[in-house]
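I'd like to ask you about the structure that follows.
Just so it is clear, A, B and C label the chains in written order, and each chain counts residues from 1 on its own.
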Amino acid sequence: MDSMLIRFVTRNFRFYLEGLETALSASIISLLFALIIGLVVGIIRYSHKGILGTIAKIYVSAIRNTPLLVQLYFVFFGLPRLGIVLSAFQTGVIGLSFNSGAYIAEMVKAGFQAIPRGQIEAAESIGLSVHQRFRLILIPQAALQIVPAVGGQMVQLIKDTCLLSLLAITEITKAATEVGNKTYMFLQAFLFAGIIYLIVNMLLNIAIDLFERKINYAR
Amino acid sequence: MNDFLSTSLQILKPLLLHGFPNTFLLSVVPLFFSLILGIIGGVLGNSKISVLRVIAKIYVYLFRNIPFLIFVYVAYYGFPYLGVNIPPLTTAVVALAINHGSYMTEIMRGGLNTIRREQIEASASIGLNIFQQYSLVIIPQTIMEVAPSIVGQTILLVKDTSIISVIGISELTRIGRQITMLTNSPFLVFFYVAVFYYVLCFLFQMLSNWSEAKVKKYIG
Amino acid sequence: MNVIQADDVKKYFSHAGYGDEKVKAVDNVSLTVEDGEVVVICGPSGSGKSTFLRCINRIEDHIDHGDILFCDKSIYEIKRTELRKEIGMVFQSYNLFHHLTILDNVILGLVHVLKMNRKEAIDEAMVLLERVGVHDKAKNYPRELSGGQQQRVAICRSLAMKPKLILFDEPTSALDPEMIKEVLDVMRQLAQSGMTMIIVTHEIGFAKEVADRIIFFSDGKIIEQGTPLEIINSPKEKRTENFFRHVIHE
């Protein structure tokens, strides 16, 4: 039994490795886009400006109250209809970006809201413009709370890449499916995939903890 | 316009009649079992015996770091491997319950921590044994206190039901996909699917807010 | 036979930050309480009186030395749930179960520990609630009652178990002044009906009136004990005299 497992791993590892590569690149690219989206939407949500604020609110609400899979299908099947033809990978990244973007937007908003009113009043009283207030006071202070939360979203994003397998993208889970189809050892294939996710996220968690500790030390 | 209406009706009928009720049931039944797991896990997680605490911690850690879909596959292929032959629906309910049991564990663990020592002492002082203390005082109080969080958690459950569409369970997402192959408007189909999910999540959010107000009124 | 007999009880707490040094919360306490006696324990804060009281019904379940006997049997040889059927406790912050109605609070012990049937339990509970004057609040939740009312319900909760002895841990210390009287009245009635009571309190006036014996605690030790007249008017120890002189304003 044990030697069978070892053979299983050594023969099929390269599939998983390719899948891991795809999953990681999808996560990182999506995270970058999500950060941009999240920052913009989050700041809009925080300053509640009229129509823009309402659109932002609807966007976030729609994402948070519907499943990621449905959002992915929406983009995957819908975009070609609009004449936009992209690769599956690109479509997947778009879906993940908009999904994580909404959650990050809420974290950004919360981070800003956590800043005591006194800080803002002090900034106003020494004559800083809105732009300066944001750059010099609000963003640095909000970052302290936002960064750890975003770390958590990164872990979530790695888990989310799993759904890309249903869009025929060869990431970890799809690799497992293919290995399963090849060897008929489905259970082992998916267990191995689970272990990969676990290890990746464990490392990510450790990195986030170290980073958080560094931030708190600087406080 | 007529086209739009007729297509919409074509889409809405199966979603409303089969998708929505199935998704609703698939949310509520596992919720019940995940709560039970959460109570057990929460009690273990606060236990004085460190082995039990570790078990609870591992349980939570696993499901927090491994995607749910992987677990669905593992359950789907794992049960037959162990000689347990159950229909996919049962596998789905079990997978959902165990996965969300880990979230409930965290909620219950936090809630149990906040039960004041004095309530426990009072229940001991009238002669209740440990089991009675937990079942009559500690756990009811904890559930009332964390009820809003639990109901809020259900929203995640609702969204995860979409994932079990991969093992052939007929719920909103799967029916949605089937309809897109029949009609030619994926946008509309998934828009309506999204609306159904939104409504369901919204209902649970309202329920969560209501329970929070109710608890505040009676318990303070 | 004494209801309670404490022999040379010592209890230490190891104080974090003081290294190995242990704080003697209860230091060499020996006392007896007879059937029907009302014993009041007084003393400065931190003198160990509450800790000692909580040892009697094993809420504080560990002592480092000595023994406590209940009706000539060591409390550590009696099953805790059995012990607590006989010894009731009333807490400083009442500790009513806030998720249950007043009525349910009182019948909880009757139904689940004494295994009475619910209807009989309700009948008994209502009699008790009437006795202390809160029967009209039976269906309310603790949160809706005043502190004084809650404490009276707490007394009912203990009384319902028909104990041989009731322990009172500073029962009026958390109450607003205008509500102290109503609780003391109930306790006075209880004493007159022959209940054995051990009361930790700062209410010296009450003690003077109701106690058969006052015990003065300080630094975990019993400094002096005697009848109210003896202790308050002719204390033997300087510390006793100081304490009561500062506390009495009546």
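Criterion: contacts are C-beta pairs under 8 Å (C-beta built on N, C-alpha and C of every residue); 3 or more make two chains touch, one makes a residue touch a chain.
Note that the structure is predicted; figures quoted are calculated from it, not measured.
Enquirer: Which label fits the chain touch graph of this model best, line, ring, star, complete or other?
Expert: line
Enquirer: Any idea which chain sits dead centre by C-alpha averages?
Expert: Ranked by how close its C-alpha centre lies to the overall one, first comes B.
Enquirer: Round to the nearest whole Å and give the separation of the Cα centres of chain B and chain C.
Expert: So the centroids are 45 Å from each other.
Enquirer: Report, in whole Å, the distance between the mean C-alpha point of chain A and the mean C-alpha point of chain B.
Expert: Computed value for the inter-centroid distance: 22 Å.
Enquirer: How many angstrom lie between the CA centroids of chain A and chain C, rounded to a whole number?
Expert: Result: the chain centres lie 58 Å from each other.
Enquirer: Among the residues of chain C, which are close enough to touch at least two other chains?
Expert: none
Enquirer: Note which residues of chain B are touching chain C in the complex, please.
Expert: 118-119, 121-129, 132, 136-137, 140-141, 144, 218-220
Enquirer: Within the complex, which stretch of chain B touches chain A?
Expert: 62, 64-71, 73-74, 77-78, 81, 155, 158-163, 165-166, 172-173, 176-177, 180, 185-187, 190-191, 193-194, 197-198, 201-202, 205
Enquirer: Can you list the chain A residues touching chain B in their complex?
Expert: 61-62, 64-71, 73-74, 77-78, 81, 155, 159-160, 162-163, 165-166, 173, 176, 180, 186-187, 190-191, 193-194, 197-198, 201-202, 205
Enquirer: Along chain C, where are the residues that touch chain B in the complex?
Expert: The touching residues are 57, 59, 80-85, 88-89, 91, 93, 95-99, 108-109, 112-113, 141, 143, 157-158, 161.
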